[in-house]
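So, here's a batch of structures to check.
Below are two complexes that have subunit A in common, paired first with subunit B and then with subunit C.
Right, the complex of A and B next:
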């Protein structure tokens, strides 16, 4: 690079460059020292395992998980042609559809309701966000009691309005709805917190000037609140879809994938194939397909929906 | 849409009977909504004090007619039995040890990394930060099989380190702390380093004490997340004495599927620590999380 320069200048330059490089190496070493604990754990528990999952997905494995015979893309071909996998994927999509819109809309209502300056409002805000402290295992256990067909409150209340409730957790058509109810409830706390924070970020002047312009009620909500809240709503959409795609606890705690596979969502099916049937290779292939589906869906959301999000 | 009253960002208030009626209506609405959201939790508390005979009665009860501690007594008695199939105090202890260890681990690893990202200049810094963020995008099911194999091969099944160590580094927490550290004035750092105070001493004596709110947010968040874990503890523990509370409660539900009072007493014991943590740490948690989200 410095070839055209005079020899002397070149030597000076080289010495300066050498010093600079030594310094860069020292800086890098020092930086890495502080990053080392995290980087080490990430390598061992995130990046190397991800690589191993890819590797395992190309093999038939022994029951203890050692690769035994090269399978190529056999597992992936199996997945595409296997109707059980397609059913599982369909169940997962349906599960997302049942839970994500409902939970966000209810949380929006709660957040709007709680976004006021009133005495004691913090008590209500804490109650609205209380489910963030409740684990899915606990949520599932409580809902199992409420949905119990003989002693549960749910069917009793339904019977008061003349509806005969199903045997929620053992009826193939109702089981996925039961699991969805638990999921919606459990997500309310987090979703409400995020939307409430979003509402509080909307400047008061916007409402003032809208009122001066003669806007009222629903008009203000549609033309000011919703657009200003769209970044928070979009954030929740992306995060909730990802979380529901990865749901496991509520299924394991309530229905174990049944009855007749009605709640056999993808992660549950991965769990069965890996840790009950010991088909680690096939399970790994499923996990990667799920990863790809989630990634694609997230990208699609960013490309299609984010256009309509209003950033300040 | 129906003709619901329009939502407003804030009640500007005003005198007169109409505004009084409206405020009252608002409180009623808030109370009804709060009751609906908290209803499952209230039912769990109520049933934990109910006799099994009342739970089985029709119509399903809401409040105990004669509150009893029998359910809690039985949970405690069962827990204290030798070779108990339901050692709930062990579950609580295990969950507490693991959650505390993960919090401690994350605070150490994340503050070290966030400090380097916020204050140091070194080649490749941006790329390395991207590596940290990339960990947020790898879903756990894509790594769970090899992680299980790793922990098994380390002979870490049924151990605290198997439950805790995989979660001791955090891309999310590093990001959160970096955002907070970046708000400290850079001149402070320059002065301290020129002063020869040493970079690590600056972190220890200045940065960490000044960043207590962000560290608190991370601590509350990761404690909640670890306490509520289910899949990983289910996979890597088999011995009853090494199970955590979440796995334990589901196991209790399946084993005692007709003893709802007993199961709800278990639920109350499991959920109480996190409810208390939420009430104490909510402001910290909410402010910290949403601040990070907005700046992110």
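Right, the complex of A and C next:
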């Protein structure tokens, strides 16, 4: 009897488990169905190209990019031993350093100003965020005219006040700074919008109670505004770093990686190797290194910096 | 971190990881792949213009596709040349307008074929886009590719050599400029049809010469004379240079030209024309002399340095920040226009070393057009009809007047428009005289090798290293040559 009971219970159990599993499978199927469109897009635009890049990085390719001869890890060995690649990596880090902190801090200043309740403030808000609406290719071309070594507006204006401007695009040191300036300018619009939205999400009560407690000015900014804004700031940091690592348009329009490789950031070097030098395998290997660098940096940011982010 | 923040954090992390991944695929071109019009059957294309209007057509009798005798002679014409084809080109500014004008003339001259010109950016951009387009079967019927792209175009196996069309029609090529055809021939087979042909010359401001007490009809001929003139032409206020005597873009093509006028090969194996090139050979005394001369001028403050970008350098001359400069004849029309009211434009032969050997001379520059194999036979034939039209004497004469590129047909000089133009702008005869004076040999035919675009970039970097004082001329050339030799080797292996 007892045995029958346990057997029955076991059967019941098994049936319940079976039902559970069936439901799990059904749920998974349903979930995948909902995800299908985005999975499809990701597969087509991300996973397949990524897989193809890994594959190409192991081959020597024909001039039009068809794999010809297995290269093993030759391209990766080339990367490690090639001083030009190390220089390019160094330039890229320097470029990130020149642009990301600057664009976030300036955008923070603009957002704080634009957060005032004044008449006509919307005009300023629009102005501050307007760079998001300008195509980077167009903007970079206009900047190239202003920084032009022979007929540039910048040096003309400087010469009016008796200052001899640098050779913005033809001097190796100045060139990276020029490209950085354009990058900061271009990022300002998006950064200001995100920070302004963040500022407007901070509840008024917090400021009021801080004032009641006797805090003022910088104290409020440091102890209320910054912590409450930290999720937005963190988001911008991560996104900006990734974007700057991928900078191409401004380099192409302003300097083409020169002079003497001074602005040959990693993505531009990948472009040159793939589309000018026909080295698709070597370019793919570089792209994967870039991927690894960005992924590592992003993970580090999440591990280290995110601890100081205050989520509501 | 609170529990609530978990999903948000996860989301952000995943989103960013995918963004990073998406960014790292070099298989994607930097710009969106250009769209290509799908070929349409002839019936759909402009039915209203089907009967050709002879009154409107250009006087291009020899290029008319409607000649039935010719059509029957060509076996490739079993498929009628008809439809809409795309033509990728890299001509901007006045030259771009001239392309549109030429295409419009062709479309009006007959009713079966509609050519659609599509501007693709610089030569490099156009070639980069072609590479991706080939992979996705979106290539145009006809593409303009710069001179140095010939090795790549041949090795790609994606083109129909122009020679095949010529042979099929037994077209008489004797009226073509043989110096120009020679560049685009490998093993005596013509691959690309010369479309726009230029050479490098010296531009100068005659008024500035007079102001400096120089003979405005005697431009400098040698490196030393250029330096000497440039010192006299340089104007300074205090330490600041108001007007440089001379400048030129940091442009690999100009260095290649200097090597050729110095009587030197660029790569081995007869500039890659006797057999595939294996080595870059420009790191010799002649190469060094060119860079030393250039650097001495920049260091002395009488040569300006306006960087790599050709447009910036042209602007420097137009604004007379510098009053002599070396550049392609392709810029002639632009400089003629810009010089109005600024100072009379003079032109002179490209500078050379005083002891240059007789076998040296300028290599032609510019670009040719290639027909692509992946398009249908009808489209290929349509492309050929346009190519024939574009090289007819009247069209070439007009093209020269609109741009400053050489006509590829000798008969073009007999056209009224060409005569009128030379009379109006005598500066151009310098260019013609110069190219006609060149002896035809391996040096002046120009180099052919697969890694040429890379070599051009690399020599530009070497010039920058020297001008900015980071390296001696010899070291910079040695390093560049060594790297390009490796690149040539790698290229050769990849095509085996």
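Throughout what follows, the second predicted complex is superposed on the first by the 254 of 312 C-alpha atoms of A that agree within 3 Å, B and C clash if a C-alpha of one lies under 4 Å from a C-alpha of the other, contacts with A are read in each partner's own complex, and residues count from 1 in each chain.
Everything below uses one rule, namely that a contact is a pair of C-beta atoms (placed from the backbone, for glycine too) under 8 Å apart; a residue touches a chain by one contact, two chains touch by 3 or more.
Quick caveat, the model's predicted, so the values are computed rather than measured.
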Clash or fit: what happens to subunit B and subunit C when subunit A is overlaid? clash
Is A:270 touching anything from subunit B or subunit C once the two structures are fitted on A? First, second, both or neither. both
Between subunit B and subunit C, whom does A:52 touch in the aligned arrangement: first, second, both, or neither? both
Of the partners subunit B and subunit C, which touch A:65 in the superposed model: first, second, both, neither? both
Determine, under the contact definition given at the top, whether A:193 touches first (subunit B), second (subunit C), both, or neither. first
Quick check for you: in the superposed arrangement, does A:126 touch first (subunit B), second (subunit C), both or neither? first
Of the two partner chains, subunit B (first) and subunit C (second), which one does A:177 touch, if any: first, second, both, or neither? neither
Residues of subunit A touched by subunit B versus by subunit C: which partner has the larger set? B
Return first, second, both or neither, reflecting whether A:284 touches subunit B, subunit C, both chains, or no partner chain. both
Taking the superposition as given, does A:151 touch the first partner, subunit B, the second, subunit C, both, or neither? both
Quick one: classify A:246 as touching subunit B (first), subunit C (second), both or neither. both
Check each of 61-69, 79-87, 169-177 or 259-267 in subunit B against subunit C and return the one that clashes. 79-87
Where subunit A meets both subunit C and subunit B, residue numbers: 42, 45-47, 49-50, 52-53, 56, 65, 148, 151, 235, 242, 246, 248-249, 252, 270-271, 274-275, 280, 283-284, 287-288, 290-291, 294-295
Partner subunit A, residues of subunit B touching it in the complex: 1, 5-11, 13, 23, 26-27, 29-31, 33-34, 37-38, 40-41, 43-44, 47, 55-56, 58-60, 62, 108-110, 112-113, 115-116, 120-125, 128, 131-132, 135, 137-150, 165-166, 168-171, 174, 199, 224, 227-228, 230-231, 234-235, 246-247, 249-250, 253, 260, 263-264, 267, 270-271, 274-275, 277-279, 282, 286, 289-290, 293-294
Residues on subunit C engaged by subunit A in the complex (per definition of touch): 1-2, 4-5, 8-9, 12-13, 16-30, 124, 127-128, 131, 134-135, 152, 155-156, 158, 240, 250, 304-309, 312-313, 315-316, 319, 321-322, 450-451, 453-454, 457, 460-461, 464-465, 468, 470, 487, 490-491, 493-496
Under the definition above, what is the set of subunit A residues touching subunit B in their complex? 24, 27-28, 30-32, 34-35, 37-42, 44-50, 52-53, 56, 65, 109-110, 112-118, 121, 123-124, 126-146, 148, 151-153, 156, 185, 188, 193-194, 197, 199, 201-202, 204, 207, 216-218, 220-221, 225, 235, 242, 246, 248-249, 252-253, 267, 270-271, 274-275, 280, 283-284, 287-288, 290-291, 294-295
The answer for subunit A against subunit C in the complex is residues 42, 45-47, 49-50, 52-53, 56, 60-65, 68-69, 148-151, 164, 167, 169-170, 172, 235, 238-239, 242, 245-246, 248-249, 252, 256, 258-261, 270-280, 283-284, 286-288, 290-291, 294-295, 298, 302, 306-307, 311
